[in-house]
Structure formats: C-alpha cells, structure tokens
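Listed after this line are the structures, all set down as structure tokens.
Two complexes, one shared chain (subunit A), two partners (subunit B, subunit C).
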Partner chain A sequence: MKMFRPFIALALLALVPLLGLSSYMMHIFILVIMWSVIGMSWNLLGGYCGQVSFGHAAFFGMGAYTAGIFYLKLGVSAWWGLPLSIATVGIFSLVFGFIVLRLRGPYFTLATLAIGEVLRVTAENLQGLTQGNLGIMIEERTWITKIWYYYVILLMAACTFFLIKKVIGSKLGYYFVAIREDQDAAESLGINTTFYKTVALCLSGVLTGLAGAFYINYMGYIDPQVVFPLYDISIVTVMVVMVGGVATFWGPFVGAVIMVVFSELIRSIPLLGEAHQTFFGVLLIFIIIFLPNGIVGDIKKLKRLAGIRSA
Partner chain B sequence: MLEVKNISMFFGGLAAISKVSFSVNKGEILALIGPNGAGKTTLFNVVNGFYQPSNGDIFFKGTKISNMKTHRICKLGIARTFQVVRPLRRMTVLDNVIASAFLRTPNKTRAEEIALDILAFSGLYEDRQTLSKALPLGKRKRLEIARALATQPDMLLLDESFAGLNPSELNESVDIIHKIKAKGITMMVIEHHMRVIMAISDRIVVLNYGQKIAEGTPLEIGRNPIVIEAYLGEAADA
Partner chain C sequence: MAAGQIELFLQTLIAGFLLGGLYALIGLGMALILGVMKIINLAHGDLMMVAMYVAYVLFQFFHIDPYLAVFIVAPVLFILGAGLQKFLITPVLKVESILPHNQVILTVGIGIVLSNLATLIFKSDYLSIPVSYATKAWYLSDFWKGSPIELSLSFAWSVSFLIAIAITGVLWFFLTRTDTGKSIRATAQDVDAALLMGVNVNHMRMLTFGLGSALVGIAGCLFIPIYYLYPSLGKQFTNIAFVITILGGLGSIEGAIIGGIILGIFESMTATYIGMGWAPVGRFAVFVAALIFLPGGVASLMKRRSFVSIK
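Our next item is the complex of A and B:
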C-alpha cells in the first residue's frame, strides 16, 4: 500500500484542474508544486548529503535566465530553456562545486550564500546580456489557461520525485548519507567524498534550475530581484524543507503547501502583509523548538500530541 | 604486504613519528603498542592517507601509497577502524555496512547480501535494524570492524577495537579477530590490552615518543628490558 502512495497522490493531483478552480487557486497550486520541486532538490543536497545551501536562488535564477537570454538573443521559445538550463546550470554547478566543496559545514554554507548574491549583482550589471533591472519579458504566452502550466510542473515534480527516490535507494543515496553522517569515516570507507558531493550539488542544482526555467515560462517576466533574491528564494527553499521535514520524501511537499499558503494568507492581511518575512522567522523558530525534524519527520510526535488532546 | 620505510611525521616542530620502518607480512597480525602519545594512531592516519608523511614512503602490495587519497587507499584494500568509534549515527546497523559494501559492487541487492553475511560473521545480525547511535559501546566497536570488513580489504587496521569492553565482549572480539585471520586478511592492531596482544599477535612493534624501540615476537617483547622501561612497569598487570 505504501508503495502506491506516490501514484495515488499523483493521480489526485492530476484531477485538480477538473475541479474548475479559479485562476488564482490554480496559481497557488502551481506555486506549491513548483516549490516542492525546489524543496526536493535542495533536500537531496542539504537533507541527504548534509551540505546545507543558502544559495539555491543561484541555480533557480540561472535556469530562469538561461531560458530568458536564449529567448531574448536568439528568439527561440523560452521552453527551450528547460533542456538548455540542464547544460548551463550543470556546468555552473560543476565549476562552483569544484571550488567550494573543499569547504566543510558552515563554510560551505557561507560560500553558497555568497554565490547567490554574486549572481544577483552580476545579473543586475551585465545589462548587455540580461537587460539588468529592466528584466526579461516573454512577449507571447504559450497558453492563456493555467491548466497546461499546471500539468507541466506536475510532470516535472513527478519526475523529480521518482528520480530522487531512485537515487536515494541506490549506491549514490547511501554514499550521500554516509558523507552527511561523517565525512572522514566515509572517506576511509573508500568513498570519494569530493566527487560524490559534486554529484549531489550538480543534481540538486540542475533540478532547481529546471524549476527556474519553468518559472519564466509561467510568469512571463523575470528580473534579478525576482529570481535571485536571498529571502524570497534561497531562504524560503531552506524553510520549505525544514518545515516539511529534512531528509524525508514527503517533507518538501508538506513544506511547500504550508509556506505558499501561509505567505499568501499573510500577504492578504492589510498592514501586516508587509511584514510577512517576520512571520516566516517566527514560524522557523517555532519549528526548530517544537518540531526539529519538520512536520513529516516528527509525525509520530504530532500524532501523539493530537492523541492526548482528543483523549 | 605493507612496507613502512623511514616514515617521519612532523606537526610544526614536533616529531610525532620519526624514522619508523617495519613491514607487515601477508596473513599475519602485527600489533602496534606503546605508551599514550607514542604515535600509534598518527601512524595509522599516515598509512590510511589522512596525513601525508613529512618524510619516507609506504608501499602496499608493491604500490606506493604515501601521498595517495584515503578513498583510493581503501579501494586498494586497506580498511581501518577508529579509536573513537565513528558509526554513521542516523543509519541502521545494516545500512552502515551496506554503505561500505557498495565499494565493491554497484548493485544494491548484492551489497545487502554482503552486508548481511558480514553482520552474521561479526555477531551483529540481531541488531541489524537498530540505529547505530543506539548501540552499546561494545557493539559499536564491532560495527566498526564489520564496516571495515564490508569493503573486502586485504589488510585491516584496528585502532583500539578492544578498549572499554567488558570481559565477555572481549572474548567475543578476540574470537572475531581469529576468524578474520582465518579468512586470510592481514591485520595491524593498536592495543593496550596486554592479554589480547599476547593472545592474537604474531609480531609486535613497540613505539615510544614516535620512535620504534623494539620489534619481535610477543615472547621477545615481553622480556625486552627497553620495552619494560618504556612502560615503567605499567605493563606489570598484563
């Protein structure tokens, strides 16, 4: 039964557009699925391999800009950005990984924090290529209705989910977790830790980049503040996984639902809406104190609490 | 099988090991003993590739391994355990051993078979689903050995795998060492427990202040006045 859960979830999600939801509700669904893709890819690197990144906006933005720049300069459809971003983000991750993966723990995290900001500033200033703060606008939308965008991102999410499940169950997954638990011990068990950390970084980066390439197609507009921000992308990515459950398969989904709905709700409150990041901070403190393994990771604890209350 | 030639290791101006040479023959158990701070674990770290020796060379099966990366040395067939046990804490005992078994096979089913075999061999089969951080010390020490064995080494470096064990655990571990030897795996063992050393080792190398002060059979070492002096009678309870 447990084996079929992903398929049941997928089938149910595939039926969502038939509900005839409003355009706004479909938008929320699309954002939730997109964030779970980003969360799942972060989880591969941060949750399983233990390399915490605070710079996933770098990969996201790079994917989006790959699609944008090819559209702008060569006039090809921005959808080509999806396959093209695999190449650009892949190469970027490889080079970046080669430089920063010799750093460990918090030093690696700081380096990722920096790279996200570096790319944002670069995108702002390379005006010949990116049009700087003017951003890139996709003139013609592929579909008027949101339904097809929903199916595209759902397909991407499904592929990401099964790919990660496959990876985690294989030699790669064992090596990732071994590296997370003790890098020196892993090395002395014959694991080439630098190589496998690079693999995790590339996989994670490419998957996040794909989400970015989808984003520009869906939203039709990007600028450096939209796709490279520290708070709205990098930090939210970490929060999606932390709230949902680090190193769990379903954590990123649960986290994405909570983060997207939570931020939409708060933003709709007059006056308080401006302070939505404050609420994220409070939420994060709450999670760290009461559910350090996230909602999925601490599900037993939650059930027990609920049981006490209902008794 | 393993040849250590004139190895020195300096940390700043301090010579942790100076000009140590010895060799380990195929199939034997060589014990490395010496007072605390004599450089035993440092020597392991040099052989295992964690440290690059300041001087000298190490050869394993004819290949020069000094200056080689740790994971390459492991692939060549040297596995080690740690004095302070380092299990992959949030993994089950079985998963710990599977992770090591993947070194010789990319196939999950095969890796799991190897791991289960080794767990049975080292008496941890019953605990295979336990999270390794929940294991008592004696079993953690054995898990270290099981994990090293899963890489299918030709040579095993055991760093105080007997320290802190109670007498019955000690006997179990000694049995396992004999069984490993019967498989034809060469071993180099760091140990303080004289009863264990005398029971298992074929030859002994004694280090003191980073220098080799004696080498010989257990019987010779037990009578060697230099060794007794180095220990200042500490070995009297052995």
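Our next item is the complex of A and C:
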C-alpha cells in the first residue's frame, strides 16, 4: 500500500482542476506545487547531502532569466527556457560547486547566501542583457486558463519526486547521506566528497532552475527583485523544507502547503501584511527549537504530544 | 599618470583605508563569535542595524551625538546579544536534529525578525542623522600651500576610524591581558580543555556573543554620521563580515583586522573605477579569490611567517 501512495496522491492532485475552483484557488494550487518542486530539490542538497543552501534564488532566477533572455533576444518561445535552463543552470552550478564546495558546512552556506545577492546585482546592472530593473515581460500568454499551467507544474513535480526517490534509493543517495553524517568518515571510505557534493548541487540547482523557467512562463513577468530576493525565495525555500520535514519525501509538499497558505492568509490581513516576514522568522525559530526535523520528520513527537493532551 | 589620476587614486586609497578600519570592527565581532561558538552569526548585520536605530532614537529624542551614543548602544547590544545566546542559541545547541547547522539557520531567523520589526516600527524609509560635522573635511592644500595635488580627509570618517582603532586596542588588551579574555581565548581553542581548566564555558559563550554584538553595535554608531540607515541594511553588512572572516582566516582576530582593511580598500577601488552598484560583486570576487588562492586567509600567511622566525 505504501508503495502506491505517491501514485494515489498524484491521481488526486490531477483531479483538482475538475473541482471547478476559482482562478485564485488554482493560483494557490500552482504555487504550492511549484514550491514543493523547489523544496524537494533543496531537500536533495540540504536534507540528504547536508549542504544547507541559502541561495536557491540564484538557481531559480537563473532558470527564469535563461527563459526570459532567450525569449527577449532570439524571439523563441519562453517554454524553450525549460530545456535551455538545464544547460545554463547545470554549467553554472558545476562551476560554482567546484569553487565553493571545498568549503564545509556553514561556509558553504555563506557562499550560497552571497551568490544569490551577486546574481541579483548582476541582473540589475547588465541592462543590455536583462533590461535591469525594468524586467522582462512575456507579451503573449500560452494559455488563458490556469488548468494547463497546473498540469505542467504537476508533471514537473511528479518527475522531480520520482527522480529524487530514485537517486536517494541508489548508491548515490547513500553517498549523500554518508557525507551529511560524517564527511571525514565518508572520505576515508573512498567517497570523493567534493565530487558527490557537486553532483547534489547540480541536480538540486537544475531542478530549481526548471521551476524558475516555469515561473516566467506562468507569471509572464520577472525582474531582479522578483526572482532573486533573499527572503521571498531563498529563505522561503529553506523554510518549506524545515517546516515540512528535512530529509523526508513528503516534507517539502507539507511545508509548501503550510507556507503558501500561511503567507497568503497573513498577507490578506490588513496591517499585519507588512509583517509577514516577521511571522516567517518567528515560525523558523519556533520550528528549529521545537521541531528540528520538521512536521513530517518529527511526526512521532507530534503524535506523542497530541496523545498526552487527549489522554 | 597625470596628476589628476594620482589624486583620484590616493583619494580612493584613503577612503578605502578609513572604510577598512570600520569594516575591521564589524569583522572582529564576527571572528570572536565564530572562534568561540564555532557558528556563523548570520544576524550580525541585523544587530548592527538595531544598534543604528537605537542611536537614531537617542539622537531624535535626547539629542545625543552618535559618537557619545556608543556608551549607551554598546551595553544595550551586549545585553541583546547575550540574551539571544542564552535563550535561543544555547537551547538549540542541545537539540538533536538531522541538519548539523541548525544554529546558523536560527541566526537567520533572528535576523529576519529583527529587520522586519525595524521595518514595522520605522518604515523602510532611508534615514540619516543630520550632524553638523557630516560635511566637514580637511584639505591638503590648507597645510601645504604648494601641493601639486589636492586631497581631502573627511572629519567624520577620520573620527570614526580613530575610535575604531581605539576600540580594537582595548579589545586586544582585554583578550590578551585579562583573565576573562584569556578564558574566552581558551574556550575558542579547545572547549573540553577549557572546561577541565575550570572555565565556565557557557558563561564565556554568552559573554562572547554579547561582546561580538557590542562590537558590531559600536561599528553601527560609527557608521551613522557617514551612512544612512534603513531596515534591510543588515544583509549587506553580514556579507561584508563574512567575507572579512574568510579573507582574514576563520576566527582569527588579527586576520579580521587586516581582512577588513583589504576589503575596505578593494571596495573603494571598485566604487571608483567600476561603479557603485558593483560592490557586492567585487566582494564576492574577493571571497572567491581568497578561497582559491588563500584558503586559510591572512592568518595562515602570518602563521607561516612566525613559524619560520621561531625556527
């Protein structure tokens, strides 16, 4: 039964558009699925391989800008950005990983924090290529209804889920976990840690880049503040996984639901709207202190707590 | 080179050197915390932002000069830092979790909360304190009538620089000549050995976090007459602090001072010869260059030299 759970979930999600939800509700669903794709790819690098990244906006934005720039300069459809971003983000993460993955733990985290900022500043200043703060606008939308966008991102999410499941079940996945648990021990067993960390970074980066390329097609507009922000992309990515569950298959999905719904709810409350990041920060602190492995990771702890209360 | 170019170069060098002195103070706080706690404090810049707003309020309501505000801001930040350490970071050190860098993520959460609370209270407008000496400067031609080139030295920059040097001297005296300072250094070197020698490690950690926060708070006060303040300036200074720690050598005090001055000069040069907006990219270039060519930072160079001289 457990084996079929992903298929059941996928089938149920595929039926969602049939409910005839409003355009806004479809938007929420699309965002949830997009964030779970980003969360899952972060989880591969951060949760399984132990390399905490605070710069996933870099990959996300790069994917989006790849699609945007090819659309703008060559006039090809922005959907070409999906395959093209695999190449650009892949090469970028390879070079970036080669340089910064010599660093361990927190230093890698810092490097990722900086690369997001660097790409934002570059996108703002390279006006010939990116149109700077003006942003890139996709003039013609592919579909008017949101249903087809929903199916595209759902397909991407399904592929990401099964890819990550495959990777984690393979030898590669065991290497990743070994590196997370003890890098020195992993190295002494003959695992080329820098190489495998780079592999994890590339996989994670490319998947996030694909989500970015989807984002420009869906939203039709990007600028540096939208796709490269530290808080609204990079930190929300970390929070999706931290809240949902680090190193679990379902964690990113649970986290995406909570984060998207939570932020939409808070933003709709007047006065409190401005403070939505404060709530994120408090939530992050709370999660780290009380549920360090996230909701899915600490499900036993939660059940125990609930059990005590009901008894 | 024409006289004008030499003039520009020297002026940039002076500005960079003065900026570097202030950067050194920011880097020192980070290096202290990093050395003792072995964690990177990603709320470092946000603590500085808090200090700047405290100084701003002191000026607005009590007309206290930013330089005098140092005596109030430093204790306030000390208490804030020590409190954060005692009530948030120490509990997390004991929590069992999959991810090894929970404390680092925790400091990000703290940073988000601080910067957003500042946005709520003060709005995101740019503020500055209208001090009378902000535009005062000394000119080379005032001292040397026949000088072929004209150089100026800003009053506010020079005073800030001198205070930064004085604070650094006091800190050096504290760390090398007093019992408490020696205990802090012992904790940084080896926690277990320090415990065995009767050092109250938890107390030292609290003291260090407080001291690091107070240092960055002082830096904040010194920046006020020459800079403007806004709630999200923290990120930028966290970046600066960590580039300095990488450049200087992880947790090295002397390295942080030299690293700060190098970065100050480099940024000043970038701003003059490439463009103001590119400063974050220049910073990242320094960071990458330090990683590739000097992984141990300036501290490793100094160690090598002292090693030779002992032999």
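Heads up, the rule we're going with is that the second predicted complex is superposed on the first by the 311 of 311 C-alpha atoms of A that agree within 3 Å, B and C clash if a C-alpha of one lies under 4 Å from a C-alpha of the other, contacts with A are read in each partner's own complex, and residues count from 1 in each chain.
Everything below uses one rule, namely that a residue touches a chain if its C-beta (ideal position, glycine included) is under 8 Å from a C-beta of that chain, and two chains touch if they have at least 3 such contacts.
All values reported here derive from a predicted model rather than from experimental measurement.
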Would you sort A:Thr122 into first (subunit B), second (subunit C), both or neither based on which partner it touches?
second
With both complexes superposed on chain A, which partner does A:Leu82 reach: first (subunit B), second (subunit C), both or neither?
neither
Applying the touch criterion given at the start, work out whether A:Tyr175 contacts subunit B, subunit C, both or neither, answering first, second, both or neither.
first
Broader residue contact with subunit A after superposition on the shared chain, subunit B or subunit C:
C
Tell me which partner A:Ala185 touches in the superposition: subunit B (first), subunit C (second), both or neither.
first
In the overlaid three-chain picture, which partner chain does A:Ala64 touch, first (subunit B) or second (subunit C), both, or neither?
neither
Check the residue A:Ala111 against both partner chains and state whether it touches subunit B (first), subunit C (second), both, or neither.
second
Touching partner for A:Ile153 - first (subunit B), second (subunit C), both, neither
neither
Within the complex, subunit B is touched by subunit A residues 169-171, 174-175, 177-178, 181-182, 184-193
Tell me, which parts of subunit A touch subunit C in their complex?
46-47, 50, 52, 54, 99-100, 102-103, 105-107, 109-111, 113-115, 117-118, 121-122, 124-125, 180, 230-231, 235, 238, 242, 246-247, 274-275, 277-278, 280-282, 284-285, 288-289, 292-293, 297
What residues on subunit B touch subunit A, complex-wise?
48, 50, 69-72, 74-75, 79-80, 82, 86-91, 95, 98-100, 102-103, 106, 108, 111, 147-148, 151
Which of the residues in subunit C end up touching subunit A in this complex?
39-40, 42, 88, 91-92, 95-102, 104-106, 108-113, 115-117, 119-120, 235, 238-239, 242-243, 246, 250, 275, 277-278, 280-281, 283-284, 287-288, 291-292, 295
